[in-house]
Every structure is written in C-alpha cells, then in structure tokens.
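Here come two complexes built around chain A, the first alongside chain B, the second alongside chain C.
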Partner chain A sequence: MSEAEKAEYRGQVHQLQKELMVDWYRRLDESAGTGSPPAVSLLVSGNCVELLEAFDILPIYPEVNALQLAIRHQSLEPILAAEELGYAADNCAYVKADIGALLKGITPTGGRLPIPALALCNFVGCNTYVKWFEHVSEFQKVPLFMLDVPFLRTDEPSKDDIVYVVRQLRELVTELERITKRKFDYDRFKEAVRNSSQVEELWSRIKHLSRKTPSPFDAFFDAITLMGPLYVYRANPAGVKFFQAALEEFEQKAARGEGPFGSEKFRLVIEGPPPYPFFRVFRDMFAKWGACAVASTYSTVGGLWEFGFRHDPENPFEAVAMHMLAHNVTNRNYLQRYEQIRRYVEEWNAQGLIIHFVKSCRLFSAGQGDMRDYFTKELGVPTLYLESDIEDPRYFSEAQIKNRMDAFFESFGHTPAPVRARAAGRPGVDPGRPDGSSRLRILE
Partner chain B sequence: MRFAAGVDVGSTQTKAVIVQENGGVRVLAQALIDTGANVQKAGENGFLAACREGGISTQQVGFVVGTGYGRYKILFGNAQMTEISCHARGAHYLFPNTRTVIDMGGQDSKAISMGPAGNVLDFVMNDKCAAGTGRFLANAADVLGVSLDEIGPLSLKGKNPVKITTVCTVFVESDILSYLAQGKKAEDVLSGVHLAIARRTISLARRVPVEPAITMTGGVSRNAGMVQALEEVLGVKLQISPEAHFAGAMGAALYALEKMDQGFEAGVWDGTHATNRGH
Partner chain C sequence: MNTLAAGLEQTFDQCSALIRDLEFPTVVRWKAEHPGAKAIGYFPVYAPTEIIHACGMLPVGLNGAGDALDLQYADARFGSFICSIVKTTLELVLTNRLECMDGVLFSSICDSARNLAFVVKRNFPGKYVEFLHLPHNPNSTASHVFLASEYRRLTQHLEEMGGVRAGEEALNRSIAVHNENRALLRRLYAFRAAHPELLRSWELYALQRAGNFIPVETHNEWLAGALAELPARSGKRRDAIRVVVEGAFCEQPPIDLIRIMEEAGCYVVDDDFVLGRRWFTSDIPVDGDPIQNLADSYLDRSVYSSVRHDFRNPRHKQLIEKVRRCNAQAVVFLTAKFCEPAYFDYVLFKRELEAAQIPHLPLEFEEKAFTFDRFRTEVETFVESLLFD
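Let's look at the complex of A and B:
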C-alpha cells in the first residue's frame, strides 16, 4: 500500500454513506421486482427530488449509475456497446455508458434497476441530455416529461422564469398523481422541502468548515462521497440524520486540527468533475503532494447552498423552481461561475486552481480556457488545466496528467512569483510569499 | 570540488549532464543516447556515459536528479523533478534573461513562462496529440525519405511552402503524399510542414504570456528550418544555445547541486520526492 493510500481519510461518514447508497440500490432492486414503490429517472443538476419524495417515489439518477460503473472500472464495455449502435466517439460518455448498460443489462451493483415510470428530464441546459432522456424514453418505452428550465442569463431569474417553471412543476404533479394513483399531499411536499432545507443548512456548514487550516476534509474527493446522499436522500429524514452525523464528524476533526491526510501542504480549488475511471489514481496525485481541495464547483452541480440559498418550506413550489433556475452551478451563467471560484479562492484561502476539462462534456468544459486566462492573468492565481474525461477511460493519460500535476506543485517551491496582475496594475491576488506562509491575500 | 548530475529520460532520447562546482559552476560533461524500450537502462547508460566523458566515477557525483517521462525509472537517482521545472532552470542558466521557454521534444512541446529568477510562473503543453512535436517532423521525414538531420536545411530551400491543413501527425502523411503527387518539390512540402508546426506551437504558447527573451530548448532546436519557421511566426529572434538539447538535463543537474547546498544527502528522502539511491 502506498503512502498516499495509507493517508486516505476513511471516517464514519464514509461508512454511513455506503450504507445509505447500498440501501438505495437495494430498494431500486426491490422496485424492479415488485413495481413498488415506483421509480422516476431524473438528472442531478438542480434536481427536484422533493416532489418525488412527496409521492414516495424512488429517484433513479442515470448519471450516478454511470459514474458508479466508471469508478468500478466497468464503463468501457457499455460505452463501446453504445458506439456500436452509432453513438459518436465524442458524444457524452455518461450517455453512452448509461444507454450501453441499459441495452446490455449491466448495473453498477449487479442488482436490478427498475424501469422508470417516467423519464423526467429536469435539466435541459444540455442538448445532449435532452436527447439522452428521449432515448431513455424510447428504449424503455416510458413516458417522457421535459421540464424546460431556462438558463440563468442574468444574476437572478425573472418573475416570468419562476412562474414558467412553477407551472410546469404543477403539471408534473398531475403526472406523478397518475403514476402513483395518489392524490398530491401538499403538506408532505412541504415536509420534504423542510428536510431539504435542513440538509442544505448542514451541508453548507460542512462546506464552511473547509475554510479552516487544515481543512478537516477534502472538499472535492470527500465531498463527492457526500453527494450521493445529497441527491438521493436530501428531502428525506435519513438525509438529515446523515448530514448531522457528517457535520459532527468534521467539526470534531476540525477541533482536533486534523486534515484528511497527514499534513496539508497546499490548499486548492478544483473546477470540474473527477476522472471517475481513475478516481483513486487521481486522488493519489493530490495526496502525494499534501494537496487538499478546500472547495470545488463539482460539489455544487446538484445545488449551490454555501452562499445562503435554502429551500423555503412555506413556498415549496417557488423554492424548487428557484433551486432549479438559479442555485446549481450548471444552470448558472459563466460569469457567476467565475465569481463562485473567485470567492472560493479568496474566502477559503486557496493557493491555486485546478481545472479539469472533460472531453465528452462540452457544456461544462467549454470556456474553461478563458477561465484559466482569467484566473492566471487577471487574478494571478496559479492555475493548472488538465484534460481527460469523467467516464471514458480512453481519454486519461496518466503520465501526462501526473507530469502536469508534479510541475504545478514544483512551481510553488520555486522562488515566489511576482504577481503579473499587480505588475499590470490590476487588482489581484498574491500567489506566494517567500516564507511559504499564507500565500494568498487580496491586494489593496 | 563537487559534482552533481541531471538525467533527462525523454520519450525519444536520454540526456545526461554533469555539473562541476569549484568556485563557479560549469558543465563538465554531457551524454546523449537513444532511450529505446528499456527506460531504466537508458537512464543508467546515459549517466555512465556522462561520467566517462567527464573522467569521474559515479561515486564522485554527490546528487542525481532525474527528469523527463522516465524519471521514476531512474532508480539510482536521489530525486525526481518534472522536465518543466528543469527546462526552465536550464534555459535560465544558458540565458539568464529568459522569460519564455519554448521546448520542442520528441512527443512534447511546451511553453513555459518564467520569472526573472528562473522560476516557473505558468506552462502549457500539447495534450494527447503529437502535432507540433518532433514526432510530426519524423513522420514527414519518413514519407519524404530524408533523414531527420536533413529536413531542416532542406526546408530552408523551399521558396513556395505548401499549405499543410492538417495538424494530425498521422494524416499529415496523406497530405504530403498528395502534394508530392501534384509534383510539388520536397523542399516546399517540408517548408510547409515546418510552418504548420510553428503555427500550432505558437498558438499553444500564446496561452501563457510569450514575453521576450524567448529561449528554445529541446531536440528540435537543432533543426534550423524549425527555428526559422518559429521566428517567422513569432516575429522575434529565438535564443538558442548549442547546448539547448541538454537544457532539461542541465536544469536537473543544477537542481541537484542546489539540493546539495540545502543539505540533502544522497539516499535521504527530501520530503517531496521519492528516492531510491543507495538501495
């Protein structure tokens, strides 16, 4: 076992997460056998799991299934199966892995997955996702509900945007009543939304703990562990319980001054998802250097709560609409993503930014070259740009990525760099000080 | 008198440099061999050849830093560093005014932005594609049936460079063949190939600030045609040392010397890099 592996943090929270996710897959398997409870396929980005919870419907996240296949090194077979069918080499690999797995009967756990009662496409910002759910609907012969959530073009959604989404959510309720043969229970919906707001508060407090030095957990790799329960159980009391336990564990670690591994040498912000087929290899590349993520954008794909948004149980439909429209990173505009990362760098006291470009996801990755320029040239934040894929193992070149990573961390050890932004007369952040102390501060 | 070594195991060739410190620092010896299939042997042989060249025994070398893709296979070394750090350091040693390094090697091309002390500020590299690297040139040379050493001088004779539209190392072969079929001269085809690579490399390099003075390192710097094409695209002169091919190994050797200054002893883990020496 390598040093990095030995140093990896495995807490109670990881065990609890595993139990919850195993239980979810067990219930999906049961549902596949008995048809009860019914299941609905939906997407992670700005998901509206609260409405499903109000009907006791099981969520199926094809993205989670796809990444589970990748992390278990099983994604290539279904990807190739989808390509044989005609999906292009540069098509989203999540889509190919999911469709291929569907056709070949592959599931991440080996258990059964139910045929959904509805394919609910709740994120239409990505055209490929729209096609994905059309295909899911076609291949599985299930009805499709296209929930049209407009992209956030300005800082806040317009009143019309909110009304537009709420009206569709009400149509969705009618559809869910048909599926479950149950009347919609508004109080249960409010209760589900209340659970979500509690989870969001706990999750947000967890995320603010990583401002401490050392951060008690890795806000990229460990945050990914917490993302499963966040999407599947957010509106359920089990989710509240899980996040209470997680907060407690991280608070205790923070009080003891413990990080996720031996000693924290670098504090980073990570933009983009991980290369799931090489999750462990990728994590070790950071651990080797004592590099800890203190914040990440990927952990805000399902929802962005650390800046204050909570679902409001008193206005549940509007709250769900607001979450879908404005409070998840994928539906926000690019300048807002810049701002989110800038705040992470400054307020979470990070020394650098890692951008992981996902070859098969143009939606998330397009524009990251400009983002790199903005952070290096305008703000003077050392930024490393890596390219591989979230799901397809063929795009991961270990030697190349390791080389870039090593060079990036080596460069911190050189004589501290003069700040280009400062030299150019622009406000910026200081990437380093000679004594190696807190490297980043906002310039006057 | 102290000796330190840098061994750069590249994808195509292995370079080893020994520096000697006796008041000042100077390069005592350098060696160049093909890497071949046995990466570990290549590192050892390169190091031994440089020791022989310098007339010293391997035991006299106080510290060895390995670099290049094969650096983790330099089992006799004391530390590893990436070639990005090492090329920057080597370029700074050769030309202290360097602010940008353009390094073209067998399978890598990279641009490094540097501070005045030779520190790396930023870098970009080609990704999963050999366009703009030595391999692209080698393929072109193969198709035309000329040696790698000849293509540079030959390309300089080209008066009407053809337009190479592909940047794919594999498909450039069909492009070249089609131009030859049209009766284009080999020198014009090669001139076009060099310009295509230069444009590709400079567009990559512009992602870091390309600020003068610009120093070129790596094996391709020996190709006069490539140098001219790059200068044409950039509009400025490049600084090229006759030792440019060895810049990575040289930087590694200088880092090795620095490690000795910092009190790192051979066989003692420096806290950031693995070491295998002495085992």
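Let's look at the complex of A and C:
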C-alpha cells in the first residue's frame, strides 16, 4: 500500500467531533435509564431540531445510529433480522438496520437508546421517512407526529406552503408541551434559532474555504465528520463552539496551503451518500489519486447554507419552515440539484463529478443517469458513475469500484479542454434521441 | 374507438387492445374532434381529473408501457433498482409517444416518481409538467386549506393553458360525472364479488383501465352497458378460493398474469388495480366550493393506499376489514418489482394477516413480464394448500 493509501486524515476537529458524539450517546443512555431528559426521534433531512432544543428534548436520529452501525461494520446483522420480518432485499437498508437494531437491542456504542416520547416524522422530501416512522411508531408503540412539508415543486415556496408548515409546527409545539409538561418558551426557541444561524454562518464559511486551491479539507469525507454535530448540536451553544474551532483549524490549514492529504491533484464534486460500510476504503481510493472533494450534495441533506440562507431568530417559525421547505437538498427538486452541482463545478472550480448511486436511497439515486447525461453531454463535465450502497455491505464491489475510479483518473490526462471552457456556449445535443433532435435544455 | 363493439366479449377484447396501444388512438381522435383542446396525462396513482375535465381538457391516465416497448434510452437514465413504470414512462417521452399530451401531472407518491417528474420536465420541452403535493398529514386541519390552494394553483395553470375558465358550475358538473363513474365501478366490483363466475377479473380490469384513455362520459356509457348485460351472462362456479389482490396500485400487471391467477384457481373479489379510478369511498359533494370539496374528499374520503398516509385509520387494519367485508379467504400480494411503498407495507400487512390467521401469498411482477410459468405454479400450489387443507 502506498503512502497515500495509508493517509491519516484526522485533525483536531475529528477529535472534538468524537467527544461531542460520545457525549450525545452518553446522554441518550442516561435518558434511557432515567427518562430525563425526554427524547424524541426525528430525521436528519431539513430537521427542526431548534424546537426540540427549546424544550430541552434530546434528539434521536435513527439515520445517525444506522450509519454508525455501518461504519463500525455492524449493519448486516440487523439488516438480516429485518429481512426475516418481511422487509424486502430492495427496501432502504437504513430502515432495515434501524428496525432490526431496535428489535434486537443493538446500538452503535453498546449503550442504551431511550424509547422516544414521540416519533416526529419530519417529512422533508424522502417518502421512505413516512414508512420508516410509521414502523418505528408501530414497533416501539410510541405516538407518531407527521410533519408534512410540501415538496419544492416551484422555484420558491409559496405563501401557502409556508403557512401550512408553520401551522403544523405550532401543532407540534402543543404536542411537545404535552410530552414535556412544560410551557413553550418562545424566547428559548428564538435563542435556539439564533444558535443555528451562527452555526450556519460558520459552516458556510468553512464550505467556502474549499474554493481555495488546495482545499484545506475534503468537502465530502471531512464534511461528513462535521455533519453529526451539525444535526445534534446545531441549536445549542456547544454546536457554535465546535464550528468555531473547526473554522479556525481549517482557516489555519488554508493559510499554510495544506490540504487534507499530500498534494491536491484533482478537484471534484461528489453527488450522493457514501458507502458507510466501506467508508475508509472508499476514501483511500480518492486519496490515492490526490483527489479532493471541494463540494458535495450529501453534506447539504441537513441544510443548504453555502448559498446564503440563515435561520432568522426574529421570525423563528417562518425560518424553520423555510429551512425545511427550501434550504436542504432533499426537499429541493431534481433539477435544482443539477443547478446546485453546476454551481459547485463552476464556482468551486472542480474538474469532475463523481455520482455515487446507492441502491437504498431512491431520493438520491433515481434518475442519476439523466444527471450524468446532463453533466457530460450538456456541460462537458467528466463524470464517473459508481454503484453501491449506503448501509448494506453486500453491495460494495471493491475491485470494480477501484478499477472504475482508476480508469476515470487516468483518463483525465486525455481530457481535451478545461471544463468551463467547454461548458460555455456549447449547444445542447442529445445523440440518444432517436430522431437526432435535441430534447435537452440548459437549466434556467 | 369511442363507440363500443356489440357484445360483452368484444367489449372486453376491445378494452384489452386499447390499454396495450402505445399510440393512444383514442386521445389522438379526441383531439382531432376537439380542435385546440388539450390532453393532460397523469402518472399514477391519483389525480384530480375533475379539474382537468372542467377546464375542457381530456385527462389521460398513464400506466407505463407494459411489455410493448423495449427500453432503449430510459434504462441508462434511471439505472438499477428502479421500478419499470418509471423507466417506461420516460421511454414514452424520449421516443415521442407522448407527443399527443400537452402536459403531464405527477404527485407525491414515492421518491422515484418524484424524481421522474423533473427528469421528464427536462426532457419534454414545451410541455406543461406539473408536480402536485398531496398532503401526508390529514390529522392537521391545515392540510385542508393547503390542498385546496394546491388545486387552485393547478386550476389556474390549466385555465391559462387552455383558455377555458373552470367555474364553480363546470367543476361541480365534472365532479358529478366522475362520481357517476366511480359509483358504476363500485357496482361492478360488487357484482364481481357476488358473481365472480360471471365477470372475470381480467375483463373488469381491462374495462376499468380503458377509462384512462377515453372521456369519462363515454366510459360511463361503457360501464353502464356492461352492468346491464352482465346478469344475463352464463357461467359456472368452480373450485376456487376468494382472494383480495393488494399491491398493484401503480405499475400495472400484464393482463395475462391476471388471467393466469384466475385459471390457477383464484376468484379475485377485490383488488387495487388502477386504484386512482376508484379513489373515493363515497360521492364527492356537488354543492358548495368544488375545489374545497375535492380537497376535503382526498383527505377524508379516500380509499387506503400505500402512497397515501392517514394514521387515523392504518391501512393494515383496513386490509383486514376489506378481506372480511368481501368474504375473502386469502390475500395475494402482487407487488411491482422495486416498488418501495408496497415493499414497506408488506411488513405490517403480513403481521396483521398472521395475527388474524388469514393466509397470504407474496408475489412480485414487472409490467413487461411475458412468461408466467413460475407464477402459475406458485398460485396453484397456494390455492391447493387452501382447497385441500
């Protein structure tokens, strides 16, 4: 194995992240034992953790538990347990790992997880969420709160969309008052939203550091490390402190001209989630080529802030609604994702796009062939399409992925023109159309 | 094609030919007969066709392409692990077969269909491609207000596109004619449950699905005609088990598969084929604000479905009620391959059926399947295990 393949990626921020997440699991274990503080399950995409923070409720994120199981190579056992129960081979493996783990009492750390006082299904784009929490509610015998967020099918959310979400958030407040037996404290909610807006500013500044060459961090792999605190601690002062430390560390690295490893040879955008069961192996494949992600869509699942959105503490309900409706990748429509990636390629000065199709997540993956078509044929961006899974270790073919990646990076030497030069002014053509006519449109 | 062949047998054959025809001859003819009028396709499962109709347009229910289309382009756009109907619908677009549609509607049924809506939007320039958010939270009164606003948004777009204003009166008339359509279908379903030997399931399926391609008024005539003629039909009862079919609410099974299920010993006494045509359990009111009535009915008067979420009355409880109501002995799950909503629901359906000691058979299909030997064997074995238990 070469030096690059054995690269050490960890900085101070990784250690701080670990401490925060270990503390979260410690508090979840305490809550399981004493019932205090109460815990509520919710989902990562466009989450409304600010409301929980206002009630001192501990969030449980089944996705974080599932990915922790996968990254620790413990996901297969609960997946198989769920399949015995009737889940299909082609159901989302996040759900299977979570349900299987619940029923078998498996947790990522070995500590206890509390029974949630409420399964809060924040439906933000992912239809699987609804089924998932219906099942969590059934199997754990806990009440279900459905928070229905209209999909972003227009450029911006309409007034009716915002009113609908705000009214449901207020209904949720009543439910949280019932659970906690506490009166809603509007000022605490504003404070939580203020914390979020500070974290978002810091996170956004970190993300803009990767526009530099070399990027001081990997905006896919290192961003994933930062995502745990982003969901659990975003509305809490501990989150602000963590992201201040992270920004400081990355700014210092940028000032020294240091990247996440050796020298930066390729700048990429990565679309889609990682293969968590082979997270390190996957990272090494990029490191070997000196390939650094300068932007990624997966890191915007919880929220998309690098284009300017911040929670507004003066209008906290509307701010939470806007975040859920419009400022996370999962609730934005597919063409808006193309646009997001196009901006990354151009503004973050990337040379290529990696599309990672994961079979579990149709929200991410359905249509990625069309996305590839758009980026290669319409914009002339070199694109590599890989397939595996986010959670199920049975769908990762290491040799095949490695071969495809090696071939992709080797072919870079033969790429005729810089990406942006080719993208500019190139008319849309689609040789795939039977009549030879163009059916492709440049996105407005 | 809008006129019906004489005799029931020919009617059913005519319908089964129509649902396989990817040239959409009835739509093309309707547009020729109504110069300037628009046709709006809608992807399953449900769409408020009343609104399209009230705007002077022809709603067309899309159901993929069955086995009649080889995929040349769409496979590469959607990749592995994605259901067939998503790919065949895109293939219809990419091969110009949906040119007779002026627009296509999608709704919030699943992640694949949601992404499809926007892939179609990119690849279908000049056409109206709309996505409706049908609410998942009927518990909240806010959902009634929201859905009415969503329907008004659609109405406004269609009015602008077609130049016809859908006033209250026109909308109520459309609701009434669609109520009649659903009532006739409910009567046909009741007739089949009582006399499965007189109305075969593939016949009812074809007759019902043909309604996706013709004006609702014409379909009402066809349905009423069938209802009038059916009692005089002759047919012998045979050894068969009464089953409810569940799971084929979006992608539709090949008609031969339904035939084979019956030949293998099943009387299908209820099903969820082409479910959008029977979406409401009772009539939508035809007085008052029609848009609000349509919205309220979606939230409070809908059948249960894997793509509609109403935790006030869980669908796994409703399946058991359905089985009891139509005196069925078993459930056959006919799940489209890679249909995640159906896959998920199977887990809780299975648990409830086992608790209620109702046998079930899980089967998977693809619309493009054309060999059914294994399918026949599985159904026959299941039927025998119940008949000779």
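Keep in mind that, in the parts below, the second predicted complex is superposed on the first by the 411 of 444 C-alpha atoms of A that agree within 3 Å, B and C clash if a C-alpha of one lies under 4 Å from a C-alpha of the other, contacts with A are read in each partner's own complex, and residues count from 1 in each chain.
Keep this in mind: a contact is a pair of C-beta atoms (placed from the backbone, for glycine too) under 8 Å apart; a residue touches a chain by one contact, two chains touch by 3 or more.
Here the structure is a predicted model, which means the values were calculated and not measured.
By the touch criterion defined above, A:138 reaches chain C but does not reach chain B.
Looking at the superposed arrangement, the partner reaching more residues of chain A, out of chain B and chain C, is C. By the document's definition of touching, both partners, chain B and chain C, reach A:387.
By the touch criterion defined above, A:373 reaches both chain B and chain C. When the two structures are aligned on the shared chain, A:47 is found in touch with neither chain B nor chain C.
When both complexes are overlaid on chain A, the residue A:127 reaches chain C alone and has no touch with chain B.
In the superposition on chain A, contact is made by A:85 with chain C only, not with chain B. In the superposition on chain A, A:406 makes contact with chain B only, while chain C stays out of contact range.
In the superposed model, A:171 lies in contact with chain C only, and not with chain B. Legend: residue contacts after superposition of the two complexes on their common chain; A:147 is shown touching chain C, with no touch to chain B.
Looking at chain A, you'll find residues 369, 373, 387 touch chain B in one structure and chain C in the other.
Across the interface of their complex, chain A is touched by residues 69, 80-85, 115-125, 127-128, 207, 209, 272 of chain B. Of all residues in chain C, only 72-73, 75-82, 86, 94-96, 108-112, 114-119, 121-125, 130-133, 135-137, 139-140, 142-143, 145-146, 149-150, 153, 309, 311, 314, 337-338, 340-341, 343-348, 350-351 touch chain A in the complex they form. The part of chain A that touches chain B in the complex is made up of residues 289, 369, 372-373, 376-377, 382-383, 385, 387, 395, 397, 399-400, 403-404, 406-407, 410-411, 413-418, 420. Contact residues of chain A toward chain C in the complex are 85-88, 90-92, 95, 123, 125-128, 130-131, 134-135, 137-138, 144, 146-148, 150-151, 153, 158, 160-161, 163-164, 167-168, 171, 333-335, 357, 359, 361-363, 365-370, 373-374, 387, 432-435, 439-441, 443.
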